[in-house]
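Questions regarding the structure given below will be posed in turn.
Chains here go by letter, A, B, C and D, matching the order in which they are written, and residues are numbered from 1 within each.
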Amino acid sequence: MVPLWAYLLLSGFLFIVGVVGVATRRNALIIFMSIELMLNAVNLTFVAFSRFLHSLDGHVFVFFVMTVAAAEVVVGLAIIIALFRNMETVNVDEIHLLKG
Amino acid sequence: MPLLSLITFLPVVGTLGLLIIPRRRRNLIFWGALGTSVLTFLVSLRLYTGFELGVGEMQFVEAAAWIPSLGIQYKLGVDGISLFLVLLTTFLTPLTILASSGIKHRMKEYMVAMLLLETGMIGVFLALDLVLFYVFWEGTLIPMYFIIGIWGGPRRIYATMKFVLYTMAGSLLMLVAIIAVAWLHGRAGGGPTFDLTVLMNAEIPPAIQFWLFLAFALAFAIKVPLFPFHTWLPDVHVEAPTAGSVLLAGVLLKMGTYGFLRFALPLFPQATVTFLPWISGLALVGIIYGAWVAMVQPDLKSLVAYSSVSHLGFVVLGIFALNGEGIAGSVLQMVNHGLSTGALFLLVGMIYERRHSRMITDFGGLFRVVPVFAGMFLLVALSSIGLPGLNGFVGEFLILLGTFRVHPVYGIVAVTGIIWAAWYMLAMIRRVLFGPVIHQENAGLSDLNWTERIVLIPIIILIVWIGVYPTPFLRRMEASVERVIVQVERRQSVHSSGFTVQGKRAMNAETSSMNHKPSIMNPSPAHGSEFVVHGRGAIHGLSMNPELSTLNREARRQR
Amino acid sequence: MSVTGTQLDWGGMAPFLLLTATALGTLLLDLFLSPRHRVRLAYLGLTGLLITMALLVHGFGGQERVVAEMLIVDDFSRFFHLVFLLIAALTILVSVKSVEQEGTHQGEYYTLVLFATLGMMVMASAADLIMVFLGLEALSIPLYILSGFLRGDVRSNESALKYLLLGAFASAFLLYGIAFLYGAVGSTRLKSIAAHLGHGAAWENPLVFLGVGLLLVGLAFKVAAVPFHMWLPDVYEGAPTPVTAFMIAGTKAAAFSALLRVFGTALSPLPPEWIPPLWVVALLTMGVGNIAALTQQSIKRMLAYSSIAHAGYLLVAVVAGTSRGFSSILFYLVVYAFMNLGAFAVIIALARQGEESPTLSSYAGLGFRHPVLAFSMAVFMFSLAGLPPTGGFMGKFYIFSAAVEADYVGLVIIAVVCSLISVFFYLRVVVVMYMEEPREGHSSPVLSPAILVTLFLATAAILQLGLLPAGVWDLAVRSVQSFWG
Amino acid sequence: MVHGNSQNRFYLLSVNRELRTVNEGFSMENLIWLVPTFPLAGFLVNIFLGRRLARLWVSWVACGAMGISFGVSLGLFFHLINLAPHLRHLEQELFTWIRIADFKAAAGFLLDPLSAVMILVVTGVGFLIHVYSIGYMGEDRDFARFFAYLNLFAFFMLLLVLANNYLLLFVGWEGVGLCSYLLIGFWFERPAAASAAQKAFVVNRVGDAGFLLGLFLIWTTFGTLQYGEVFHQAEGLHGVLTAPAGGGLSVVTWITLALFIGAIGKSAQLPLYVWLPDAMEGPTPVSALIHAATMVTAGIYMVARSSPLYTLAPFSLAVVAWVGALTAIFAATIACVQNDIKRVIAYSTISQLGYMFLGVGVGAFASGIFHLYTHAAFKALLFLGAGAVIHALHHEQDIQRMGGLRPHMRVTAYTFAVGALANAGIFPFAGFWSKDEILFAAFNGGFYVLWFLGLAGAFLTGFYMARLYFLTFEGEYRGDPHHAHDIHDAPPTMGIPLIVLAVCSVVAGFVGIPPEQGPFHQFLAPVLHHGGAAQAAAHGLAVPMAVLSLLVAGAGIGVGYLFYVSVSWRNVPEIWAARLQGLYRVVYHKYYVDEFYQDWVVGPLDRLAFFLWRGFDVAVVDGAVNGVARLMEMGSWGLRRIQTGVVFNYVLSILVGVVIFLGYLVWGR
């Protein structure tokens, strides 16, 4: 039976990958996907704990997280498209009108 | 409507009235503002007449709950010390408003700011609750900020910002100390309270007292201004309009010295004694430094500003002499300084309106051209340098006497102050009033008109009255001054052992040995040559003739 | 936890339901109204808010009502709900004119504002960490859209993008924290966490302090405490001004309500070694917020930085951790809301069509062109600076006395120094308005009645809170009592 | 020394109190306050209404006030005479001036022989000078203002002299300082007069600072400032007071020295005499009244009044004597080379004041006051004479451009001669009696060096007086030719006072015969506490000593005659001046004392003040304050640079925050 720490290790790893993705990538969409990756890492953790704690709460929370993530994606893409239409770029480094 | 609240908030009522009047009705606004301030003065005279002599405690006390959960009250009260400062405020404000009839630009806002300032000032001197005191203390900042900022000279923005930031820097630390004091009392049982009369008896360990006193002293030192913190005063005075300068010098500076006397001394007696040499030292430096720098000032207003640094150095010295003469002298000198420096600024303002310049070099030989102005200017200058027969002398003499009695060395250095004072003031008089009329513009100057004379005559009457017959003033403040000393001394002896005088202060130690002043009727045999100085409390241990003071105090108490 | 058929406590849920109904109502009504009548949407929104407020005020003092162990409706949450509704109402009042000028999507605007307010209410009465997360997202997502509302303006898009990316990133951390806590405690209910962490040993478990750590990071991002504050200035400057007004007051209040809920119930006996990092964060937040605001030319950006600074002052009270500290936060948030909304009302009144964020110099000589606007702006600036006769002073006074009572005198002295710095840039606004000559070419803005009402309400509230704070203060103390420990 | 009647030498205040209750009714006490009140009234009338009144009225009001005051003084004097010696002590309490905590100061007047003499001198000489001023100031624009100031001066001087406590004395003390400031700077258009006035007041203030310290010491030691109580206690505390206290000197020595500093300032002794020569910028009557007869003598009066304290402090007396003697000789040397008629007389005054202090210093208080009394007469005469000359020669003051005036100005010349002889101390004139007594007292007291200095001074006095007289009145006229024909003698209003003063200069001395026991000394004896070296008077020596001093003074005049009148020695002064080139130039420039003060006191102070202002105030303190503000601004720009606007940096800062926060949690604890 796969021990708990293995799951945690995997989700931790996934989380780190997501964070690195957000930190290094330039394209807004890629950053957005990395964030989704981080959220899924959290889902994995929830499920792992729910499995070991023999309680169903974890699973319920996963559903909440997924619905929220979905809503976020919808809004996020809309914003990115609006931005793209105005600035023809999605490269985060070029978007720095607001500074100082 | 209880008397003190009436006096405090009458100007605010006046302000509300002014707000209704439309902006173009200029003289209605002017007379409205003047009427309110004169009415406030008349009501405050009731305080003077109704004041009970020989009573040290607070009179006309009014208290109402404000924020009960934190022990904050709306509490007002007046005693011998604050009585004259309130009267000085209500006396100077109408005169200042009358003197600023020349203000054309935004006259309505000007009058509103002046009346709000008056409320703030009166409130500071009447508040007995630390938070209420703080609210009024900062309350005076905003009107002054506008008066300097809008109607000031060319560099007014720098000046007003400097003024606000300087005062705020000190007073914010004081706020922390106020809260700390309240909580110290709260922790010692009985919940937090900001009531001064209660906090006065709270036992605060000397170690903490040190820091709390430091915070209070910093705020008051900036306001006084004490020596290193004075650089804001000349800048603000040079830029402020006449009325601003008069009220700033006349009243706002006294909030600092009053603060020392009302809050720093009674609340933290041990710390007062430990800080005594430092603050007296700074005051001394302030006296000499202020006078010397005043000598070389090109601008009339900055000269008078530096002279204020010197005069208030005397006042602080008197307060920290911690004996009857010193403190009474300093309270009287606060009033005197308010009158003489206020009058000086009014006069400078009047000549500025005619000549649009404050540079001393632009004047010369005015005595022939404007004799009435010159006469008043000379008289007020003489009162400011402490000529006997005028008000400055009585205050200065008592301060020097009180200081000499406890610290002869300080006394000797301070006495030289009267030389420097004479030097810079008479040098200014010579360059402005005497000598031939160099600049032709001066030749055509018009002498003081009647409104200007009406503004100055009451001040001059008071200057001569206090100089010739100061008893009504001294009698009213004596009991309260006594109470402050007893307050500082009693809580002092509870903590540290009698503070005996070391031998090193040669003059003072020896002289205090033999002056077991035999009263006239029963000359007692003289001591042997060795001397033992017996100091009962730190305060009186230093004094030259312990028997005398205690002897007289008991005698006076039985009376 | 057995899922029984818990019947819904309709009484408790009433405010939430009423607000949702109003939001949906505005959305639907928008379809039927012709463009000219769109303003009626605002009135609908306002009436909905007012009714909910009335309901809450009526319910005050009532006993605690728990809704399916997820939402608690006690005095604490009622107090916050009132604050949120007040903020929403003022925001709608303030944004009537500018939304009309935009023309399009008026319905959506009001709906989003109301939904965001709903999200705040959920956060305030969350009894479960997941509810905190849900409330947070319910608040943030509408705000992402609102900050990008001016589709044509590049700055608005940029602000929305930044807010979205960083918001989502931070809420991921929050969730991860919740997951770990769930793993350690077995439940995300605040009560059970509190029970679990009651005895000190629990804190040693790595899962716990990782979880709590990440949870605090998520909340710190929302509160814009310093290392996590960088998003705030850009987002607030870019977003349309009424939205910034809503965000500056609303998100801060909501974030602190969640923070207090979590600190108050779950982590109430915070072990001593957790204090220093909070201490440092509070210090940094105050310092950076004030110092960065010193040389700002744009008023919106300056107020953004000042909101960071005020978050710092509130963190000082959080560090104090006493019940008086928490009630001082409640009081401060009320004053804070009025100050900022008032200031933004003036900015909106003076803003001209299509102009970027207004710079300070455009306010020169305002004092004598529009005495009413200038006077109220001056009152807000004095209050933000913390000068006595205003509510801002009383707010700071309460926070400082709570911190001093909890022996954090060092932090208070730093707070005092920071507020001294803040005096400079707040008063500089007043200097510009009153002490500089007006420049020509400034159109005299027409004061819409809505703006006037907001200004009057805000000024009156600040002066009342400054002079007679006892009423609101006692209310705040009672609210904290209701949920404290 | 005089065998004073010691048993009632000293007044017991208590005795006097019982007496006063006895003759309650109309007693002369409550007339005392009239003496100063009339001049005050005169001042008020003239200062406020002066401009509107005709000149005649102004002069009547002023002179009338002085006249009445003189009359009342005379009345009081005669009332005092017929009281028994030990009862001559009238005291009048007006009101309590300052009363706070342990300090009490009343405003009260005291009339006893000493103050009687003084008020007679002040009002008498004052009245004559007032009359003289009518003529002298005849055509001046500010006629009324001048008389107002003169009356104010008289009021303060009488206040000083009649005060019954040290504080009121100090009020009068500074009051006369103010009036001297106003009167020196009367012609304020002239910059020289304005700066001379300021110099006078500031230098006086230096002395007053010392005087104040003396006051404080008295109060802290005795607990009161009333003369009666202080002197009575001094009697009781004899042993302790003289015990060595601070700095090895006894308390009473410190007190007396401090008071003496005040006297140095007011009576223009070394080193604070510099203001008196410059004070000659004022009108001549002012010089006569203030800088010769009355104000400058205040110092001697104060020392005499405090004689009970001074006798307890021999060291102080020695200091007084030495300062007096040195000043006498020092000023006399300068007087010999001055060419301005008023400055010669001014230095002569300083010299004579030195003699008075010498007299007082050697314990002969009565002789000091006696010389003060006679000096007032003849010095005022000299000044008024000089005034008449200046008036006649249209403000010409350089004696080298005068000469041969005797035929044209007989009255002035002869009266001037009388004054000169009196000043030189020639036999029948007043100066001889008073100056000789001082020299004799010095010799007798064993102060041989001081005696010799005094004698040398007498010689120089004889010389410069003769030089002054001969250069001014004898020989041929060297002045401006077109003035030559209309030199006229002084008009009656100026002439009569000259004559009266001349008579006084002769008669005044007879009151003091025989030396030390004359009626004048008897009259003063009860008040002045005889102390110090009162060993048996060697009577035998009295006469030869007097003859010696007479011969010395005569020799001085003779040398003067030879130098400036006789043909044979005509060029001798030039030769000697050439030969002693260095010395002459130094003495001519008044030993460069003024320059010294300017270079070593005034100049550095100005530079220091300017440095303090620019250096410390502006650079250091404001520099620091603005520096902090600049620092804040730089910090602000720094923070704003970090805010790059790129999302990457923001994510980075979040990560850094998380890493540090968790790092601390894991390891930091």
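A few comments on the model shown:
Simple rule for what comes next: contacts are C-beta pairs under 8 Å (C-beta built on N, C-alpha and C of every residue); 3 or more make two chains touch, one makes a residue touch a chain.
Because the structure is predicted, anything quoted here is derived from the model rather than measured.
With A-D and B-D as the two chain pairs, more C-beta contacts join B-D.
Comparing each chain's Cα centroid with the centroid of every protein Cα atom identifies chain B as the most central.
Annotation: 98 Å between the Cα-based centres of chain A and chain D.
Annotation: 36 Å between the Cα-based centres of chain B and chain D.
Between the Cα centres of chain A and chain C there is a gap of 26 Å. Centre-to-centre separation of chain A and chain B, using mean CA positions: 67 Å.
Shared interface positions of chain A, defined as residues touching 2 or more other chains, are 22, 31, 92, 95, 97-100.
Counting partner chains per residue, chain B has no residue touching two or more of them. In chain C, the residues touching two or more other chains are 161-162, 165, 169, 233-234, 424. Contacts between chains, counted with the stated touch criterion, involve the pairs A-C, A-D, B-C, B-D, C-D. The touching residues of chain B, when paired with chain C in their complex, are 65-70, 106, 131, 134-136, 138-139, 141-142, 145-146, 149-150, 156-157, 160-161, 164-165, 168-169, 172-173, 175-176, 179-180, 182-183, 186, 192.
Residues 640-641, 643-648, 651-652, 655 of chain D are the ones that touch chain A when the two sit in their complex. Chain D makes touch with chain C in their complex at residues 632-633, 635-637, 639-640, 643, 645, 647, 649-651, 653-654, 656-658, 660-662, 664-666, 668-669.
Interface residues of chain A, counted against chain C in their complex, comprise 8, 15, 18, 22, 28, 31-32, 35, 38-39, 41-42, 45-46, 48-49, 52-53, 55-58, 61, 64-65, 68, 71-72, 75-76, 78-80, 82-83, 86-87, 92, 95, 97-100.
On chain C, the positions that touch chain B within their shared complex are 367-368, 382, 387-389, 393, 397-398, 400-401, 404-405, 409, 412-413, 416-417, 419-420, 423-424, 427-428, 430-431, 434-436, 468-470, 473-474, 477.
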